[in-house]
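First, the structure itself, so that you have it in front of you.
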Amino acid sequence: MMMEAIAFYMLAGFLIFFSYKVISVPNPLHSALYLVLTMLGLASAFFNLGAQFIAGVQVIVYAGAVMVLFVMVLMLFDLKTEIRSFSRGLISGALKVMSAALIAGLALGGARSSVTVLDAPAGAAVPGDVTRQLGILLYTKYLFAFEILGILLLAVAVGVVAVSRMKGGTHARH
Amino acid sequence: MLDTEALMRIGLGHYIALSGIIFSFGMIAVMMRKNVIVMLMGVELMLNAVNLSFVAFAKEAGNLNGHIMVFFVMTIAAAEAGVGLALAVAIYKKFHEVNIRFFEQLKG
Amino acid sequence: MNHALLILTLLIAPLIGFLFNGLRFRSHNAYLAGAVATGASAISFLCSVTLWTKLVSLPVENRVLETKFFEWIAVGTLKIPFGFVVDQISIIMILIITGVGSLIHLFSIGYMSHDERPSKFFAYLNLFLFNMLVLVLGDNMLMTFVGWEGVGLCSYLLIGFWFTDPAKAAAGMKAFVTNRIGDAGFLIGMFILFFTFGTLDYSDLAAVVPKVAELGWTGPVTMACLFLFLGAAGKSAQIPLYVWLPDAMAGPTPVSALIHAATMVTAGVYLFVRLSAVLVLAPHAMEVIAWTGALTALMAATIGITQWDIKKILAYSTVSQLGYMFMAVGVGAFPAAQFHLMTHAFFKALMFLGSGSVIHAMHEEQDIRKMGGLKKYLPVTYITFLMGWLAIIGIPPFAGFFSKDEILWQAWSSPHGSKGLWAIGAITAACTAFYMTRLMALTFWGKSRVSPDVHPHESPPTMAIPLIVLGILSVIGGWIGIPHVIGEVLPGHPPNIFAHWLEPVVAKVEAGHGSAVMEWSLMGFSVGLAGIFAWLAYDFYVRVPSRPKAVAAALGPAYRLVENKYFVDEFYFGKIINPLVEASKAIWLYIDVNFIDKATYFAGDLVSGLAQLVKTIQNGKTQSYALYMALGVVIIMTVVLSS
Amino acid sequence: MGIDVFEIGVNFVKMIAIFLMMVQIVPLLVWVERRGSAYIQNRLGPNRVGPLGLMQLAADAVKFLTKEEFVPKRGYPFLFYAAPVVAMVPAALAFGAIPLSSPVMVEAFEWMGQHWGPYSFKFQGYEIGIGIVFVLGVSSLAAYGVLLAGYGSANKYALYGALRASAQTISYELAMGLSIVGVILLFNSFNFAEIVGAQSAPMNFMLFGKKVELAFLPNWGIFYQPLGAVLLFSAMFAEANRLPFDLPEAEGELVAGYHTEYSGFKFNMFFIGEYGHMLVASALMVTFFFGGYTLWPWLTPETVAKWFTGMSLTQTSLLTALVLHGVFLAKVVLFLWIFIWVRWTLPRFRYDQLMDLGWRTMLPWALFNTILTAVVILIMRHPWGA
């Protein structure tokens, strides 16, 4: 119990620190690297919650592929530290921070007020081999959604190629 | 008066709270940063926060529907990142900067 | 082996062949690609034969093998299993598809051996085979539609296979776009059926639909059948959507044989045979189908008389024969339609392959005016083509005679038929005899008009073997469907095996009226008519080669009308597409610009006047919008959480 | 990590030992590489320092440690320092998850007045249920080491090298992941130990729902997945940035690629990372396709345990584990030698050829392999006869 709580609070502390850093550091590349750390922290949170496969996919997809793309693009851009990282406007800025804080507060309050949920211990475990069951569920009940997702990815791939080959691009043939 | 007992028993609520905090950070990035790529990172952060709550709910409910949702969200997030970066590259090629204000005029 | 495994192997073999050849699409090795593709389709054929033996061993009233691999779509009440069914109808189709398909694959090895992208070609052929099998084996309309779209795609890819030639690429495009119109009809028909009956499963439909009775024009069943017929007209090249098929001859000749003669274009006929239980409840739709089929048959046959391109003639002949099949469907003679589908697959595939052999021998020359007297150069092709010719013009005992005659008799005698339909059918038969004989005469008989620098040569064995096999089938293929009246007088009284085979699964139409004497005399009449016209064509083109020109001149405008294909393409462009464009422009100018735009400008001014008040919110900054979203979320969450 | 102090302690020591083992193999590999390349190129190689030149390793180590530490002035010092570590850690993490031998059983015993055990220690750094996903995940992080090095050095050659390297890594990761899917389907598991266990048996498979056994061949993955093995091995070359895929370094164009600015021990850590990747690649090849630490029918946990009958369970299982570990190392060394052999034999690809190979040749074939395997397994495992 105690160990679990300590582990959780350490993880939560790291996650909050890193995600704060993502939005606060001026150099976008540093943001991206902090985001990688956040992703890895989330993967370990998934692992704690018994979702090993999702944790692995999180590392492979987010940390290993998506964020590498971000970092690569940022390197290509050669952006020096920005003079102004944040958008203008004192009032709107305050409003933005306030609304974000309100959402976080409401989430916290919602979690806190539903006492039964908060008090429930670590939750009912999913019986058996999670990965295997995940596969079975994905290819039976959610088969059609899965196929549609495949078509979405295909469309996105074509769209991205089209956008990045527009005239003047690094791959333009002329 | 802190309820130490409730704080020490890690349950769904703790994860939801954590997810809410990360989500709000992502929101701030989207609303306040000027660099489009950092805004995209904010979007990723929000999606990840939601994923965390999905997994926590799945654990609570004792079934795997939440995991499936996370799986789908991840796929779509990867696609979204691809599209977003392609647009950012296109903008960069034109203006040599990726400030969000270049996205505000919807013409070539 | 278990039937589910057989069905799976049947489907998977061409798919694996497609993947294999598709992955090495840059390879130039026609023999490896062809061997793999032919092997894949041969495996499918073996599976079909095994399935057929299994089916035969089952009791007559329960001849059905079905398998559901998994639940594909489950949304609300729409449940679509990924299921396949082999019964009396689909077994015939898969035997034709894989059998004739294997022969055509074999033929293609020789035909495509000098091509630049043989691997791609065979990949497409195998993909087509897979989709066609899905089409005919699917146990619900959506599965059929999956295959339907798949074969459409393959047809497009193969027509435009030599896409570097803009005309050929355009032909592919035309086929694709024309088929889209038909597919919209198919979809609407499917929607109507699902909306009305809540199911797309063939067996459920057959069970549910007969509970309704409707006689009007606008009932759901009639409307569904008419829309489905639009789909079938697109795929099976009927009026008004037949225009793509003659242009589709731009593809390699084996493609024309497989897709545009033997298999894909018959999908529409198959669909209605499969849905016979639904169709018989919509007599109006049947009437439309019968007359459309008959008119298509006549029109295409007359156009065929005036064409000079060997493949175009065969294409119009295909359209015409498909018209026959739809006429049979329309008069409720479903077994006859299916029977003609089968014999047509044999002899038309044979003739296309034969023409491919001729074209191959003549170094890509397709104009029959530059041929003639080829029988001494191409003996095998000539003999087999002769079989096909005899079969298509309906000379007993060749295959075409039995099936065509069955259709004509049904058109005369069925309660849905009429004398008019029969008359059109008989005239079409005469035209068919004329133009096919003309083709034979100009290509193989008479004096040689081959230019001196072309040296025709007989094709290699990979091309000759399919010709021989199909030639034999064109002779004997009809003997399984010998009509009752002929069977009675023949020794051993051979029964009409084909009709008996299909009897349990197709809808029954009340027996026709008409005596055996009548049937004999009609049969004699049509054979005689065919004979006379065949002799006439022989007389025209071999004995007195100057006569055709004189006749054409004498006929004048009528001849030109037919020669220019009744100006249908011109009509479509001049009277439908261009007016549509013009009308759109007019609408754009008068309605859109002058009326709607002005109205919207006014409304816009009004709104923008009002918007001055709230303009500051809509400032075009993405991040402000994000802020509004966030505020909205805050409000909603507050409301939800505080309640 | 364990239930009591003893177990935790042993597991901890084990983890460190396996990490050290990985690190110690690297100098040996360097020596083999230099001697091997010399052998291939018909020269002698380092042979002066110590017997067979073996002391060269120690000399190298001293050299690395005493070289000048150089940090580019305009670079990012933190990233510059972090990069070598980030390059090395994924290889070490991945290596720790691969089972190196059969587990060691420890019987219950009494020590310092307390009862301990019984225990079962896995012969690997740590066991993770979905080991394959873990290994794929951490090895996908290797790209960051290169990227950080390139960015942190503030050097255009380094940056180009880093961009090329990361593009290459992402491209080949797809083919690598897909080529493993066949094995996962075949052995029906994400777990290394289960995969190795399935391979220490005579060849057996389902043929249309009936079990067939061929007693003259081991049940190795290579017999079912030759295409997958070739694809995985090729992709591993690219992942480890080895020739013929060493475009990120390409000394003719980019001086030394992403580690242009590195010297001394930091450079050495990149070296360890690269050789660590080779080691992981070889270990994965052995585990997936060549029976892991077993060699049916002679050397399996059961047969080797029979050699030591009469000893206690602890001793038997420890000795068995050591013997089988030898088998594993022997196989791994074979693959390491192939890595070296290829490097000194094949010319390198041009960059566009490399991308073409990854996306347009290996990826489609890996997809084909996956689909084919899935279909065949579906057909073969289905109980058709029933």
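A, B, C and D are the chain letters, set down in written order, and residue numbers restart from 1 in every chain.
Here is the rule we go by: a residue touches a chain if its C-beta (ideal position, glycine included) is under 8 Å from a C-beta of that chain, and two chains touch if they have at least 3 such contacts.
Since this is a predicted model, take the numbers as computed values, not measurements.
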item: More contacts between chains, A-B or B-C; value: A-B
item: Mean-CA-position distance for subunit D and subunit B (Å); value: 34
item: Mean-CA-position distance for subunit C and subunit B (Å); value: 51
item: Between subunit A and subunit B, centroid-to-centroid distance (C-alpha), Å; value: 5
item: Distance between chain centroids, defined by C-alpha means - subunit A, subunit D (Å); value: 29
item: Contacts with two or more other chains, residues of subunit D listed in rising order; value: none
item: Interface hub residues of subunit A, defined as touching at least two other chains; value: 53, 57, 65, 69, 76, 87, 96, 99-100, 103, 106-107, 110
item: Junction residues of subunit B, two or more chains touched; value: 27, 31-32, 100
item: Which pairs of chains touch, using the document's own definition; value: A-B, A-C, A-D, B-C, C-D
item: Parts of subunit D lying in touch with subunit A, wherever the complex brings them together; value: 79, 128-130, 133-134, 136-138, 140-141, 143-144, 147-148, 150-151, 159, 162-163, 166-167, 169-170, 173, 177, 190
item: Complex contacts: residues of subunit C adjacent to subunit B; value: 620-623, 626-627, 630
item: Contact footprint of subunit C on subunit D as seen in their complex; value: 208, 364-365, 368, 371-372, 375, 379, 382, 384-385
item: Complex contact set, residues of subunit C against subunit D; value: 1-2, 4-5, 8-9, 12, 16, 19-20, 23
item: Contact set on subunit B toward subunit C in their complex; value: 27, 30-32, 100-101, 103-105
